[in-house]
Amino acid sequence: MGDPVNAIAAWLRNLLIGLGLSPGLTTVLLTALGVLVMATFVTVIDILLVWVERKVVARFQDRLGPNRLGPFGLIQPIADVIKLLIKEDITPRGADWFVFNLAPIMALATVLLMWAVIPFAPTILGADINVAVLYIVAVGALGTLGIIMAGWSSNNKYALLGAFRTVAQMVSYEVPMVIVLLVPVILARSMGLQAIVDSQSTWFFFLAPIAALIFLITSIAELGRAPFDINEAESEIVAGFHIEYTGMKFGLFYAGELLHALTVSAVFSTLFLGGWRGPFADQVPILGVVYLFGKAFFIYWVIMWIKYSFPRLRIDHMLGFSWKFLTPLSLVLVIATAVLDKILRGTGNAPIAFPYVLLQLGMNLVIAAATVIILREYARIERKRVAGVRPVATAIEPDFKELVAQE
Amino acid sequence: MSVIQLIFLITAVITLGAAIMVVAARNLVHAALWLILTLFGVAVMFGLLSAPFFAVVQVVIYIGAISILMIFAIMLTRRGLLDSGSQFNKGWWVAGLLSLLSFTALVWMLSTWEGFHTPLPELSRDTDFVAALGAQLVNPGGYVLPFEVASILLLAALIGAVVVAWEKKA
Amino acid sequence: MTTENITWLLPLPPVLAFFLIVLLTNRSRWLSHTLAIGAVLLSFVGSMVVFFRAIGTEHLGEHPITSAVNWFPTGSEWFRIGIWVDPFTAVSLFFVAWTVLMIFIYSVGYHNYGQPKGDHDVPGLPPHGATIKDEHGHEHRVPSIEPMYSRFFAFISLFAFGMYTLVVSDNLLTLFVGWEIMGLCSYLLIGFWYAKTTARAAMIKAFLTTRVGDVFMLLGLAYLYFKVGSLSYEVIFAPETIQRLAELPSVIVGLSAAALIGILIFIGTVGKSAQFPLHVWLPDAMEGPTPVSAMIHAATMVSAGVYLVIRFFPILSAGMEHDSLTPPMLAMAVIGAFTAIFSATIALTQKDIKRVLAYSTISQLGYMVAALGIGAYVAAAFHLITHAFFKALLFLGSGSVIHGMEHGVMHTGEHIDPQDMTNMGGLRKKMPITFWTFLIGGLALSGFPLVTAGFWSKDEILADAFGHGHWAVFLTLALAAFLTAFYTMRQISLSFLGEPRTGAAEHAVESRWTMTFPLAVLAVFAVAAGWVGIPEHFPVVGGLIPNWFHEFVGGTLAEHPETVAFNWIPLLTSLVVALGGLYLGWLVYRGVHAGQADPLQRPLGPVYTVLFRKYYFDELYDLLFVRPAIWLSETFAYLWLDRGLIDGTLHLVARAAFSVGGYLRNWIDKPIVNGFGDFVGESVKSLGRTLRFIQTGRVQQYMVMALVIAFGTLFYYLFFLAQP
Amino acid sequence: MIPLSYFLVFAAALFSIGLYGVLARKNAVAILMGVELILNAVLVNVLAFWRYRTPDKLDGQAFAVMVFAVAAAEVAVGLALFISIYRRRNTIAADEIDLLKW
């Protein structure tokens, strides 16, 4: 009874076939059902996330946060949802009605799509396609699309600016992200997430900490969360792409953002923190779900921590950071990892041994040290440049003697 | 009329309709969005052709990069978007004739080919095409040369794009 | 590590050091000399290992330690290079390793490492010395460090590489490579102070003169390769090969192929180890720094010449019956003996301490060559080794003396040549270590009986000459030995004994340990190296130590050379000449005081001048070769051939071509070619004008056209061509 | 269970539509979209032929990879060109960009 999901699935299948449906149709129905359940589950968690978000930010800012409705204000998000639902739903004049309404749906749907490939447990996962990693990237790209549609369709220059920024940011941050995703793929010899999880007898985080870090950074940028939230920088472009959205449409964006964060955390834990791995997860698959969400929430917390600790970056700095720093670093990382892996493990899918872990880790440390040194040099130069002499306006001293003489 | 055929036909209809909208829509951003739908349909086609890798790559490259770039370009060149006046040049009917001609010619020629009705052969399940393709792409006996050429082409395109679109600071 | 591998690696460290110094560390002096010395130390250790393992091996002569790899394909089979360690190689490695290491260490001191930079030193000139203030504010002139310190170590490292390659190589080609590398290095090192005109002249002279020999040697190698089809020792020294070569008649009537090859090779040796008549470069080579002199003229390069002939002895002596000399051996005997006596006489009168040594080197090499010429194989090898040690010792000693003198010169500031022996005297008190070591070396050189190494080797040569009954050689060599002893004593007494003749000599000081330590080490060998070769039947000491050297090195040859029966006459001769020469030298030169002419000048009269001018050989060569060459190049080739003949013809041709071109242009080019070209151009232009309307500048219309044409051709193909 | 013909006809139709777009649209970006359609038709063909004719060889897939690369490069350069043209001439109508005519 350690695997309720599959048990229920099997029972339903037998039931339906007993009712005289064709196996093919049954499969279709069950798949649809699974999708439905999955979506609902995630969305419910999403509602919870609102509460988490508000609570945690309150703690970070030394406040109490929602605490009136229900124990610890647990009912608060429900109230929020109701509020959003009863708000007036406006489509501004001159806006592109269809696109305008499609955008928020895209925004949330793409996030939901990601959950299709994340393995919850050895036996519980949506689809074990052998290109899951690419799939995640692809869906992330679709998310970008939603934001552009929103920004463009709402016929508002701030929204458009936000969309532009989003495009620039996402396109440039996808590059190091995709590159760095190769590291776990190389280590696991597969692009399937289940296979990646299976091969994480030691978490990849310990084999490739830098890769994990870069992935975290880039995915935060993909999220468009602080410090990378210039696409909705209140101080510059009011609210960015969702400035014109009201009521539940805005709610969808909001939920999408929160859920996206959790999704990214889940992906991160799957790729680098061993996914559902944990004690007895193999015997009792349902435990795997617990472990996965435990790790995911930890990462989610880290993301929030970053969000509420860092100031916003300037856009040129941000793009420069991606193109001039992350991309080269990730390239170096991938090449080094591949070479080391080829030398140590050959082409076959040999299991990961302890010395191998140590060597990969050492390689990462070396690269990190080199990076730090280079950065220090760069910073020194920059400081020199910035601290250089600046032209100062000077006024000619009036000749007081003459003034006195004129008296 | 099996399920798979149904799926194919639906996808084909949607895709072609979207494609027609791409060339017909006067609002370029709509055209771009229709294009995305078309590309998505093609991705589904790839899925039907049991090439999931290419389906995903289609989404990543075409939808994730190309079409978004296009939307970007459209927005950057918005003022010249000519929302007023025809979106088609004077020779549009010639174009229509030609495309019809090409379609008929292609279909006719293909139908005269004996392999036109090739049934679907069984795939050997155990082969992981992604891994095999990857191995082939870097295999000196395989496609490493075209692979390298393609990468050089991409590099050249990258640099060229930067150079061409560089805004000269006066 | 197996002996083969070690031997393979022997030449490696020096050349690595060379590249490292040249490319990387030439900024840091310390790093440079540490690298160089470390490298030769490695090679030294390796050589010692190889040497002792070689001694341990039984029947090394019959089965040398060899290993070879394919180098480059020659037609059907490969040209193989490799290493070859037989007894002779082993002993050569021994002395090379020791002397080279010592010289490297010595160089550190000689180039004033640790001294301040000179006041006005420039690269390309010897250091002029620096001025320093001591705590009392007194100004002192002290020697300054060599400006091109690292460069020097790079060069001698390369030199060591060449020597090691030559010694360990198992074929004549790599031997020749090492040989030429050393030629290059000697060129570079003799001209180390390239800003001195004399140095430049000397370097060119050395290079060209040795080149003469090398060309003939290369001819010999080519001929050998052409006859045998291989250059590796195991093939060419195989008895059957030698037999064949000995019977094979050569292009020159009356000479067997072996003889011709031998003579050609021997000419190479003549050039390399400065035998008459190609001896002229060696004395001038003294322009280089003293370690270089020691390197070239004792340890390595000149020895390489003798090494070559000894190596070649089987072919040289091919077809030799008992005591009847083959033509090359005869040539060697004559030339060697003559060179010995000849340069010994020149050495009598030289004033420059290093030149004396140079000439003595030539005469000693003559000794070895002559010894080989009369078939005294072992004796030659023996003398080669002992001579390497004590001559290196002498050169380094002389360098130390010069150093001390320079010190004195700097102190007193008088303008005298610190190398001139007449300016020295009484140095034994000033520089005791140098004196004693130099004395040991000198005695070894002049063959002081029983204790020194030189005695045993020389005595063996004389004994062989006597035993085989080559009287002329015997007498000549005996006389040469006498002269040797004489001028050696002259040198010692002029520079060390007596009273100081100049202020510089007064203030000479002992050199530092880096210079004196090698002296001490080499002195030990200058004495001890002889004891390994004492004949059994020698009275009193004979047989105390087994005649190991003869057994060991003699094993190299196919037929073991028998030791000559002991005879009193050569022994007495060598005793007499050595002691007599020494005593006479001391007698004549003990009381020479400042400004006095050479005591020999009056008795010898004009002969003295002839000797002092080295038999006018330089002038002669200048007249014979240099002037004609210059005339040929400047007057004949340049003025007559170039200016007159070639240029004239060219101008003529040019004028003719010019006029022809004019005609062609006017009558063919303009009307026909241009006309046609213009016609084509015009027609194309008009065509373009007519077709221009197609180019609307609209991409899509272009594409429409393209498609229309494509479809048209397609349909044409389908409906008209593709129909069966 | 679909025969090859379905895909081929589909690809042909897609190609023709793209061709029409290329030939008839004014806006250069739209023309580029047409080109994309054509390229997609090619991709469908390539993969269909791979799947139906030589499923055991990888030539088709490799070909498809190359097509992807080419498409990406082409779009990058093309859009860059359009943007710079737009900067200079303030239009991206293909039939107004005709400086090269006589």
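Letters A, B, C and D mark the chains as written, and numbering starts fresh at 1 in each.
Quick note on the criterion: contacts are C-beta pairs under 8 Å (C-beta built on N, C-alpha and C of every residue); 3 or more make two chains touch, one makes a residue touch a chain.
Since the model is a prediction, treat every value here as computed from it, not as a measurement.
Colleague: Determine which two chains are connected by the greatest number of contacting C-beta pairs.
Modeller: So the pair of chains linked by the most contacts is B-D.
Colleague: Hey, how far is the Cα centre of chain A from the one of chain D, in Å?
Modeller: Comparing mean C-alpha positions, chain D is 33 Å from chain A.
Colleague: Please tell me the distance, in whole Å, between the geometric centres of chain C and chain D computed from their C-alpha atoms.
Modeller: The separation of the two C-alpha centroids amounts to 75 Å.
Colleague: Once you find the CA centre of chain A and the CA centre of chain B, what distance in Å lies between them?
Modeller: Taking the mean C-alpha position of each chain, the two centres sit 28 Å apart.
Colleague: By the touch rule stated above, which residues of chain D touch at least two different other chains?
Modeller: In chain D, residues 19, 22-24, 94-95 touch at least two other chains, as defined above.
Colleague: Two-or-more-chain contact residues of chain B, please, as numbers and ranges.
Modeller: 53, 57, 65, 69, 72, 89, 91, 94-95, 98, 102
Colleague: For this structure, enumerate the chain pairs that meet the touch criterion.
Modeller: Pairs flagged as touching, ordered by label: A-B, B-C, B-D, C-D.
Colleague: Which of the residues in chain B come into contact with chain A in the complex?
Modeller: 3, 27, 29-30, 33, 36, 52-53, 56-57, 59-60, 63-65, 67-69, 71-72, 75, 128, 130
Colleague: Where on chain A is chain B touching in the complex?
Modeller: Its residues touching chain B are 24, 28, 96, 99, 129-131, 134-135, 137-142, 144-145, 148-149, 152, 160, 163-164, 167, 171, 174, 178, 191.
Colleague: Would you pull the chain C residues touching chain B in the complex into a rising list?
Modeller: So the residues of chain C in touch with chain B come to 698, 700-701, 704, 707-708, 711, 714, 718.
Colleague: Where on chain D does chain C make contact in their complex?
Modeller: Chain D reaches chain C through residues 19, 22-24, 31, 94-95, 97-102.
Colleague: Provide the residue numbers of chain C that touch chain D in the complex, in ascending order.
Modeller: Residue positions touching the partner: 692-693, 695-700, 703-704, 707.
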